[in-house]
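Chain lettering (A, B, C and D) follows the sequence in which the chains are written, and residue indices restart at 1 in each chain.
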Amino acid sequence: MGMTAAVIGGSGYGGGELLRLLLAHPEIEIGAVAAHTNVGEDIADLHPHLPSLYGQTFVDTAAAVASGAEVIFLALPHGRSAEVAATIPTGIKVVDLGADFRLESAEAWAKAYGGAHAGTWTYGMPELPGARAAIAAAERVAAPGCYPTAVTLAYAPLVAAGVIDPSDLVTVAASGTSGAGRAAKASLLGSEVMGDVTAYKVGRHQHRPEIVQNLTKVAATGVPGPAATVRVSFTASLAPMPRGILATCTARPTGKASTDGLGADLVAGILRAYYDDEPFVTVLPAGRWPRTSATLGSNTVHLQATYDEDADRVVVVSALDNLTKGAAGQAIQCANLMLGLPETMGLPLTGLAP
Amino acid sequence: MGMTAAVIGGSGYGGGELLRLLLAHPEIEIGAVAAHTNVGEDIADLHPHLPSLYGQTFVDTAAAVASGAEVIFLALPHGRSAEVAATIPTGIKVVDLGADFRLESAEAWAKAYGGAHAGTWTYGMPELPGARAAIAAAERVAAPGCYPTAVTLAYAPLVAAGVIDPSDLVTVAASGTSGAGRAAKASLLGSEVMGDVTAYKVGRHQHRPEIVQNLTKVAATGVPGPAATVRVSFTASLAPMPRGILATCTARPTGKASTDGLGADLVAGILRAYYDDEPFVTVLPAGRWPRTSATLGSNTVHLQATYDEDADRVVVVSALDNLTKGAAGQAIQCANLMLGLPETMGLPLTGLAP
Amino acid sequence: MGMTAAVIGGSGYGGGELLRLLLAHPEIEIGAVAAHTNVGEDIADLHPHLPSLYGQTFVDTAAAVASGAEVIFLALPHGRSAEVAATIPTGIKVVDLGADFRLESAEAWAKAYGGAHAGTWTYGMPELPGARAAIAAAERVAAPGCYPTAVTLAYAPLVAAGVIDPSDLVTVAASGTSGAGRAAKASLLGSEVMGDVTAYKVGRHQHRPEIVQNLTKVAATGVPGPAATVRVSFTASLAPMPRGILATCTARPTGKASTDGLGADLVAGILRAYYDDEPFVTVLPAGRWPRTSATLGSNTVHLQATYDEDADRVVVVSALDNLTKGAAGQAIQCANLMLGLPETMGLPLTGLAP
Amino acid sequence: MGMTAAVIGGSGYGGGELLRLLLAHPEIEIGAVAAHTNVGEDIADLHPHLPSLYGQTFVDTAAAVASGAEVIFLALPHGRSAEVAATIPTGIKVVDLGADFRLESAEAWAKAYGGAHAGTWTYGMPELPGARAAIAAAERVAAPGCYPTAVTLAYAPLVAAGVIDPSDLVTVAASGTSGAGRAAKASLLGSEVMGDVTAYKVGRHQHRPEIVQNLTKVAATGVPGPAATVRVSFTASLAPMPRGILATCTARPTGKASTDGLGADLVAGILRAYYDDEPFVTVLPAGRWPRTSATLGSNTVHLQATYDEDADRVVVVSALDNLTKGAAGQAIQCANLMLGLPETMGLPLTGLAP
């Protein structure tokens, strides 16, 4: 009884978070863990917060593929998942935390990431229309990016309701430094990032096409007629904390919304109704705004919204943990669906604070 | 030789920064320092980074007013400057770091701050059109707010050039915690703010009308014809660092700009030309984006801009130290002008990093 | 089936951590939660990381006492536990996270905390000799302080083995800011603590007598003959992080140890043997030193030790989470024993990193 | 008029701090700046807090040596200074911020750093007995290490007064991450260091022999008779902040001291008398303890001391900025002396806070 998961790319932050969550999972146990340049090293040497893994060592990728796992998680840098995925036999469920299989458009892929487009897998955001069933039926799932999760879930209910204009979205999001990965770079040293907020990849962040793809689909479900054009100004910044994303998502109300009157209560109400049954989305009570610290280590997204009359803009703020709901937690949420387990199994609703 | 400054409200962060900067000022020496609830206490007990002030104690406000200073700085909470200012005799220069005298519209004041409007003083942002001469001629100057400085300086050149639509501005800014003051509040404890980014006063931040006032004036200088409507969606967030503001300022290009073609180089070029002679504004070389840490303790604003074709939005990012260029440094910059001293005297161009 | 716990003092950091852990406990559910000044407020308003508690409000202390809970946790400021404890009827298990009942000596209490000594309860550190059984049999248990847990567990094996001189211990420990509580104090503002390490209560920290009491008992178990004098120089410092204690614990080897030769391997080996069966103490592999981040949110203490020949000192370093193993986690560990549950139930062995 | 300084090793944190301080120096201007792997790059690209250096590029080491500077600062990794120093002609003053020339004993060097001992230069800590004149007369000076500065200045007055036993010193010090340098290492990523305190090089830190050398000399000046044996247990830890060292320095009082009675006032009084004329050492008023944030960017050491009767230990706490008084500031202090300038010229007494 119980299933086994292999993790390929287990030495980075996404891999470490998978291991942390799987250690607490009642039905999935950790099998082989691969890490390219760390084969033979003790897993807990790289993840000292997981002392129960002292004694287990990293294996190579081929060994992990052949380890007999029911599900394999890929937590690899962009462009590496495709070649590994090609070696995994049919019959094994695969969830990729990387970007390789998220985009449907080869052109969008090339523009965002460069190189050849590997293909498209079922997109692993269960909260989107129709996604839950698709994920449950899929053998291979591409788990969403961290920013796209925060931004898509903020806008989706309002796009679906037709109350905001999807062609005029402006988002600014701040991320903790783990989002930039574990590779040694001088620009990411603690001495550099502490006391610092900085913008990066302004006007050209690779996560934008994923947001556009998601909201285009949501718009198609919500509004009859020709496909809406989704256009989003997306600026990412790095904040001096290890984890967390706070996305400030603004939008122009549609004429329809303006005519009807669109107060803060109505906007938040649309979010509340949309996510009423979602276990991992919390629309906060009126007057409470999301803070990243409240989501630390949890698989939960916190949302709040208002309508700013002076600027005639809707503002939705979302917070999540980029490594949990933004990566490893969401990947396990998908794996639960794919394996026929309860969707919430093993995933914390509770954050760690202070 | 040399002049003397009194500081009223010397126990807070703005007051402490005034003292830090004045200690290094070649022509202005520190005279009386008042702090309401700390009269008789050692100044350096509250500001241990200023050990040369051990031995000097806080006096009361009346004593500071009567101390014979050539210039008095007010670093008081909102609503307190007006009553103190009323007791200062004509002939003494006064620079208020608070909001009381910044706004021209009593209605805007009431909406943003509540209570009676105390009046309007010369607005102390020397980089705005015509402001430098007006400040030099003024006896009383209202130093700008921290966010308005970051945001106004980001948009001003583009508004003046008529290449962005001032009625469709969307800004998201992150501030260090010193911007929230030194009063003891549980929500600002280190345990709460470390590891956390959170949005606050969404859609209703009191600094917005000041931004609108500034850009309305800039628009009037740049474009002939009827007054432009300035509308800005402004969202502030708190970042886990003591100092610094990073403002991400987006705007829709005007039809004129779109027709002409508006590349990143052109946008940055407009900023560069506008601030060519400004000692405290640095438009970074192409490809370098502002980071708050590079402005720590300096009176310098760092700017960079681009045009995002996919979103059809201009993005300007500005960074400054909220206590220096955003408060005390800018106040001393104004005082230098008012006292006939070189504008840059005693003000650091250099930040402290890492 | 299942038991119910009441928490009195649920609004602070210790109380919040109890609630976080109890939410994940398989056999204990959260009953009444009291908070003196927050009666009627939503629990999750003060603990937004616990969104599943939205809807439950704080009650007053009397209501919590009368709520029918099998176990009551007291997470109150020093000096407040005693009066509340007096109102709890016999038959209800009580675990106090405060200091009121930790010390056996009324004189030591008066010197450390001032005021009348309330009494002495069974001391809740299961890893000490004989403690586990005593806790299991007790109705009222005093959970240890955060620093005493880190320091006692570091020295205990070496004191018991007679290889260090308990009269010449020198310890310096750094704590995250949550150890200083959630009351609003200007000295604990984020602006003050970020970028700062500072020593406090030097030479007079109230946790020292608790360390002395613990090690005196350990010494008595290890060495036949007259009672050893335990003397410890203890200096605490505040580090810019929300959680975590790192204690550097040095000691002079006894003559016996020097004669025998006392290498690093031997010292670490003594620790390893002593804690071999302890679920919540991890002696790290050779060459790995404890870091507080690896213990974040876990109930685990990490230890490493060496012998420094040049200084002729043994150095033991211990790390733990001051709110978990240093407070709420250890309290639940005791409650598990008192209630006949498995000692480790509901308590994470795994930390949250990065 | 004015002198010119060359900086070799200008791309790291020590080099950057030299440039920051020299930009404000009234009599020394920045000449050639060398950085091995960054030749031709813009200095301000690596040091964006120094925007006035945009336009000046790094040169190679030979060019810097030949640049005609009156003084050359070496800010190179251990073991690199010696080879560069060998190429600098007599007549040019040289201050080395590295360790190469600090130790007098080749054996101690080999044990601490490995490799061949390059020699010994005049040791650049002006506050030590006789050092000021020696530095002023020297052509080549080895600036002290960051930890040795904090620890030596804490103990020196008490060792000189004969009131503590130099053979039984126990020190634990926490440093900000800039002390670990700017080279890209995964263990120093912001994601790793934020929220973390960890001990490193326990029992074998390379700075210990420098502390021993300093205090041995101080002991020789204070006490007639045979040379004292200095023995110090030194444990360093890394704290989550960019800058700052807090050293907790404990010592056993001598029999003489115990007999005389050694209260807190007396201990602090010894420090106060010893440093009465020192511009860069501040013994804080009674009851105030050093905090690193108060020294940020200043060349000042803050000290406080007490006698802990229960432990029979003296405790001295010192705080400084590891890059300023602990490195570049102290190096410029030495250069001022060597060049016949006022010792304090261009060096801030004031820190930056909050």
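The rule we apply is simple: contacts are C-beta pairs under 8 Å (C-beta built on N, C-alpha and C of every residue); 3 or more make two chains touch, one makes a residue touch a chain.
Predicted model, so just to flag it, every value in this text is computed and none were measured.
Asker: Which other chains touch chain C while also touching chain D?
Answerer: A, B
Asker: From the centre of chain B, which other chain's Cα mean sits the farthest off?
Answerer: Ranked by distance of C-alpha centres from chain B, the top chain is C.
Asker: Suppose you list every residue number at the chain A-chain B interface; are over half of them used by both chains (same) or under half (different)?
Answerer: Result for this pair: same.
Asker: Taking the mean of the CA coordinates per chain, how far is chain A from chain B in Å?
Answerer: Centres of chain A and chain B (C-alpha means) sit 37 Å apart.
Asker: Quick one: report the Å distance separating chain B from chain C, using the average Cα coordinate of each chain.
Answerer: 46
Asker: What are the residue numbers in chain B that touch two or more other chains?
Answerer: If we look for residues of chain B contacting two or more partner chains, we find 13, 178, 189, 191-192, 194-195, 240-243, 291, 293, 296, 354.
Asker: For chain D, which residues count as touching chain A in their complex?
Answerer: Those in contact with chain A are residues 13, 176-178, 180, 182-186, 188-195, 240-242.
Asker: Going by the contact rule set out above, which residues of chain B touch chain A in the complex?
Answerer: Answer in residue numbers: 170, 172, 174, 189, 191-192, 194-200, 202-204, 208, 231-235, 237, 239-244, 246, 248, 250, 264, 289-293, 296, 304, 306-313, 315, 317, 319, 354.
Asker: Where on chain B is chain D touching in the complex?
Answerer: 13, 16, 20, 23-24, 42, 45, 47-52, 54, 178, 194-195, 242-243, 282, 284-285, 288, 291, 293-298, 300, 302, 348-354
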